[in-house]
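The two complexes that follow have subunit A in common; it is paired with subunit B in the first and with subunit C in the second.
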Partner chain A sequence: MDQNRQGARASYVALSVFVALWILAPSAVRRFNREAFVEFQAPALHLLGKSRDLATFWEKKSRSVEEMAAAGRDLARVNAALEIQINKFEDIRRENVRLREITHYNVPAEYMSVVARVATRDSSSWWQRIVIRKGRNDGIRPGAPVVFGNTVVGRVTAVHLTTSEIDLVTSPGFRCTAYLEGDDQNHIVLVNGVASNSLGTAKARVSVIPRDYSMPAGQPARVFTTGMGGVFPSRLILGYLDGGTYATQVGNFKESLLVPSRDLYNLQEVSVLVPLHQNPGEALMQGDQFQ
Partner chain B sequence: MKESSDTRVLPSTPVDRLRLYGVFFFFFAGFLYVIGGLVYRQLIQSNDLKEQSDTQSRRVVLRPPARGRIYDRNGFPLVDNRARWSVKADLASLQKEFRAEYLRLLAAEKAREAVSIDREKLMEDARVRVLQGWLNKVWFVIDETNRNTKGRKSVAKLTPVTAPAERQINIDELRKHLRERRALPFTLVNDLAFPGTGQALTADDGTKSVARFIEQFPVEGPIRLDQDNIRTYPYGAMAAHVLGYVKDTDMLPDNVDDISEVRIESMQKLRYTGKTGAAGVELSYNNILSGRSGWELWTKTSSGYNQTRLKFSEPEQGGNVMLSIDYRIQQATESALGKLKDPQGNLLPAAAVMIDVHSGEILSLASQPSFDPNRLADRVSSKYYDEIEKTGGWLNRTTQGLYPPGSTFKVITATAGMRKKVVDWDDVLDCGPFFRVGNRDYPEHEPVGYGEVNLDKMLAVSCNVWNYQIGLRTGIEALAAESRRFGLDVPLLQTVSDMETGGQPMTELPFAASRGLVVPDRAYKLRIGAGAWNDGDTANLSIGQGYLLTTPLHMACVAASIARGETRTVPSIIHSQERTGRHIGSVPIGLNADQLEALRGGMVRCVEEGTARVARIPGLPYAGKTGTSEYFKKGEKAHLAWMIGYAPADNPVVAFAVLVEGQTDTNTWGGKTAGPVAKEMLETWWPIAVKANQDENPKAPR
Partner chain C sequence: MGWAWLFLLLATYPWLLGADLASDTLASSSLIFFLSGTCLVAPCRRLKRWQAVLFAACLGFLFEARRPIPDGVLALSLVAIAIFLSSNRQLIRNTPGMLRAAAVVNVSTCLIWFLASSYSSPSPATDLTGQLFLQLLLAGIVGTIGLLPIALTQNAVLDRLSIPPAPDNP
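After this line comes the complex of A and B, so read on.
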């Protein structure tokens, strides 16, 4: 009995000492600890992602030859169609470059694309943040936009050696400017992630919609990036306006909800567009003041 | 034995018992006092104490609403609101940074062994340094020249030492903010789209600055993006005198009576800076346009910062106002006035107005020079204010400018003469090159005179001698009475209801009243100490000169009244389908059909072949009367060019008046100078009216 009491007392003392040390420790030590923990669990995340890939591989391998042949035939057709499109886009690209040179138009920000597999979702903020299996070693930097095809997935918020954390479009930490489909005057609107409970549907808010804006009939209006903020390339799809727009009491502007265009819950692979040149926002994110 | 001695009870004496009762009583009384106090505090004083607690620990923050819009008669917005993005620092969140910076500064002071340390000054320096650091970061992000920042991590190094004012924390503003609005966030950049001195950083209306901040500046932290509305006037200076402008106000309306369960009367209230009307419609209809303030109920910290928002209510936008102005005619009117320049290329001061003959609604009302209300909507630069002051741009010459009406007054002289039966429509008078009154010759503007002149010809050529004769025959009393009958002594700035109840002028037309109107008579001349009235004064008055002073709007109303065969027109700046032309005080003009026909015919002839022939419009016969009156400009004689009229001649719909202030070195004449302005106004109005008529009556002839 006495030994148990002593043991309990010792554990309380140890806990108190640890808490006191943690509180008194300099921020650099705490940051190191956090980084160390992330790096410690990184192999586990890699293993998890790879085992999921392996499961998918075996699931596909179990398909019949007929099924695979049919899928291969379909894929060949899609490839042929895409080849034609690529040629067409190449012509347009050349014409675009020529016109930019003639008009001395600013060259848009250039990006290096890093393709990364999704390792896991951050359990501390379910649906709002994912972890990918590429990090600082692969050239990823904080603040870089993350896309899948021509749709925006989110933005890199933290970069570790071999993993990176991505704030999804629906995360409260995500903010960008956008154009609305059907707005001929291209007013910029604000897209902001909305904090939602873990079982709710994740959405973002679209605000500062001009009061005279009306959605195109018969289809949900797409929301595009503007490319003006120096982070996201222009004309990427952020999502669709949810149902309708709602006037705010303040007047003059309307609000709506944004439904992300990709199924954020089933993402397997994303591309990180790492800008070739560092922008001011990235410099601020790397500064001590935001740690 | 031992046990029994422990339990033994000693007999108490009466003295002990008394002492014990005393102690009991003392404790009982104390207990009662405590309980009583609790009951008193909890049951009786609870409401007062709760209110006191709320007063001390809570505050209400009032937020300004967006103002309502102002439309033209067709629903085009003349005044709107645009989004203003501002960057604000949450001072409560910056407390730790302030404290840390303060301690650093204090340590530095102690290290250099300062004799006395001003701790308040140190705290202020700490605040300024911290906020300056954040402001640097904001500019670092929004300035597009910072494209490639690789290897440059220190933001402070990127900020020039000699930064312009907008890139530096204004210490006076910070002091004022801490003194009066400590709980509210401090504004670092007032308008992100125009963060410089009212200029966008980039060529695309500043949108890029906003976009760069939104996408690059960290979402978390003490710096936040605030979005509110700012007044915008899409057509710039167009109709500026009608629309007016807004100014800052710290006195938001206290209309927050719906904060349920919270008594706010004695609670501290903080108000964001809002906007209130300063002139024009913005001022006159401020109560409609203002809207309803929003509110937030906050708990506050002991340092006076906001802590937790308990409740809030969004502000409600103000109501809209629809003006009678047609922006197309207004644009044409101002464009025509803009062509009037002196030899040095400066704009000539001028005014023009067009009104609906039947309803009295004003279709265009312009005054030159003017100002751009957009530049007054936020922070007014003293330079721009002085510029307007210097050019005389504040004055609305259409409603506030007081001028002798010159020969346009001859329609009233003729009406007075015919009503007094001293002349008839077909009487012919001999009109030489001058007319002698007393011992002075009053000249004709045609050196050889006009010979035989009847009413029709008089109006066409604007014969002076005809009017001298008729004016003298009519007499000053009748002339003055006729002028008053046409309302030349009545400020037109009153609502119909004001007029019906005999209330004070104002509001229907949102301008400072033209209180200096003068319809002279014998009493007036004596009152101003200019001696007794004489025939020369009557001769002068008969041609609209002398002491008579009126506004262009009054003369447009005179033209509208003649077009309707009445005496009064009540103008309105508000568009209403229900307005049926209730021209309070108006009576029939008092001329027989032939007389009225001759009066109108003379005005038509004036345009067709008379002094206004330069303003003739093929296919649109209309009535007009020109005038050229004299006035003194800086001690030298100069001319005022006038033209009034109505159109079309046979079925009047609109009436107008144009006035141009000539300079001493300009050749200014009624028909030649004011005529083209009237012509351009009517040429713009006519197709609009024809199309509107076609839309209403598709079978009407084109």
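After this line comes the complex of A and C, so read on.
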């Protein structure tokens, strides 16, 4: 019995020494440890995602030929309409480039789009994240914006070899500037995620709304990215203002809640917009990957 | 067998992955299906103390790897619990004792990661008592119910590795 107690005491002492060493250890050691455990789990996450894809494939394969033919016909019509639109946008793009050259306007950041499947979703009061099945090997870099169509999903916070972690718009670590629909003067407001404290949909907070701002009647006001800071392209939809606005404690500005325009926990696929040229914000993110 | 802890970890990982899948389903309610504490109880009955410690550290690091928790908080807490359990095996000698231990360990470790996350979060905590209570309740229920199938799997692996039931004094 005494031997048992002595052994336990020695173990606690050893643990205390290890805790001290762990705190004093360079952050590179901790990061290496974290990365090793992430890579250990990566194959399982891929397997999970691929099994889901396989299940969807067989579910679709079980549909009748008539149903598939009808879907193909509808798709062909949509494609024809989109081709006309592409031509129209190409003309607009050329004109835009010409005007930018004439006025010597700053060229906006260019992005490479990487489409990725969602492997898992993970959410608590303190974080709302998804893991995608693309990583450093596919050119993804920390800090890159993640979108679905013209809707912002979040931002890449950590990149591993074959997987990446994305902080959703509603996650407490997420921050960006935005414009409000119906604000003719284009005042800049701030969007940041909040710690989730209910079983309902996670929301973000929109702050620094001017006192004289009034929401458009009959429809929820949309919130757009500003394009400032070089992270997100401009005019992407962040979400909608939830209900009304309310005055802050100081009273100089108003606040409101932001509801994401899509159900972020039901996304199957997202696009990561990787900037073609590294911006200063990314360099900072690389120094602090996990938060 | 020196590598028993590693084989046990590989056998336990499917349960952790299953918990991640359940968390995926619960994502819209901001709750996590936390099982790491429960997975520690059965191995502490049979593994040697140093093996239980290594197993506990790996369990903790596996949970921390994909979540923004301060490095090592959960892993080192699990190690401390592993030392305690493997030094007081009389507490987990029978099934009711193990069930009690699973609930207590799972709830405590869940509380530890929740508080550690709140400490490192950039967002201030306002009115999260209800959410914390729900998370702890879920951890307690999952910990108790999950113990039996997990312990069966782990004991089967230990039997296959011919690890004898450890004596009360390690």
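Side notes on the structure shown:
Definition applied: the second predicted complex is superposed on the first by the 251 of 291 C-alpha atoms of A that agree within 3 Å, B and C clash if a C-alpha of one lies under 4 Å from a C-alpha of the other, contacts with A are read in each partner's own complex, and residues count from 1 in each chain.
Rule of thumb we're sticking to: a residue touches a chain if its C-beta (ideal position, glycine included) is under 8 Å from a C-beta of that chain, and two chains touch if they have at least 3 such contacts.
These figures come from a predicted structure and were not determined experimentally.
Of the two partners subunit B and subunit C, it is C that touches the larger number of subunit A residues.
Shared-chain residue A:Phe253: touches subunit B; no touch with subunit C.
In the superposed model, A:Arg30 makes contact with subunit C only, not with subunit B. In the superposition on chain A, A:Gly7 makes contact with subunit C only, while subunit B stays out of contact range.
Judged by the touch definition given at the top, the superposed model places A:Ala195 against subunit C, while subunit B stays out of reach. By the document's definition of touching, both partners, subunit B and subunit C, reach A:Pro172.
When the two structures are aligned on the shared chain, A:His277 is found in touch with subunit B, with no touch to subunit C. Contacts of A:Gly230 after superposition on the shared chain: subunit B is touched, whereas subunit C is not.
Of the two partner chains, neither subunit B nor subunit C is touched by A:Asp183.
Across the superposed pair, subunit B and subunit C both touch subunit A at residues 172-173, 290. Listing the residues of subunit B that touch subunit A in their complex gives 65-66, 80-83, 137, 140-141, 143-144, 146-153, 155, 204, 207-208, 210-212, 214-221, 227-229, 291, 294, 314-318. Across the complex, subunit A meets subunit C through its residues 1, 3-5, 7-8, 11-12, 15, 18-19, 22, 30, 33-34, 37-38, 40-41, 44, 48, 120-129, 131, 157, 165, 172-173, 192-199, 201-202, 263, 265, 290-291. Every residue of subunit A that touches subunit B in the complex is listed here, in rising order: 143, 172-177, 188, 190, 207-208, 226, 228-232, 248-253, 277-287, 289-290.
The residues of subunit C lying in touch with subunit A in their complex are 13, 17, 20-21, 23-24, 26-32, 49, 53, 58, 61-62, 64-68, 71-72, 76, 79-80, 83-84, 87, 114, 117-118, 120-128, 130-132, 134-135, 168-170.
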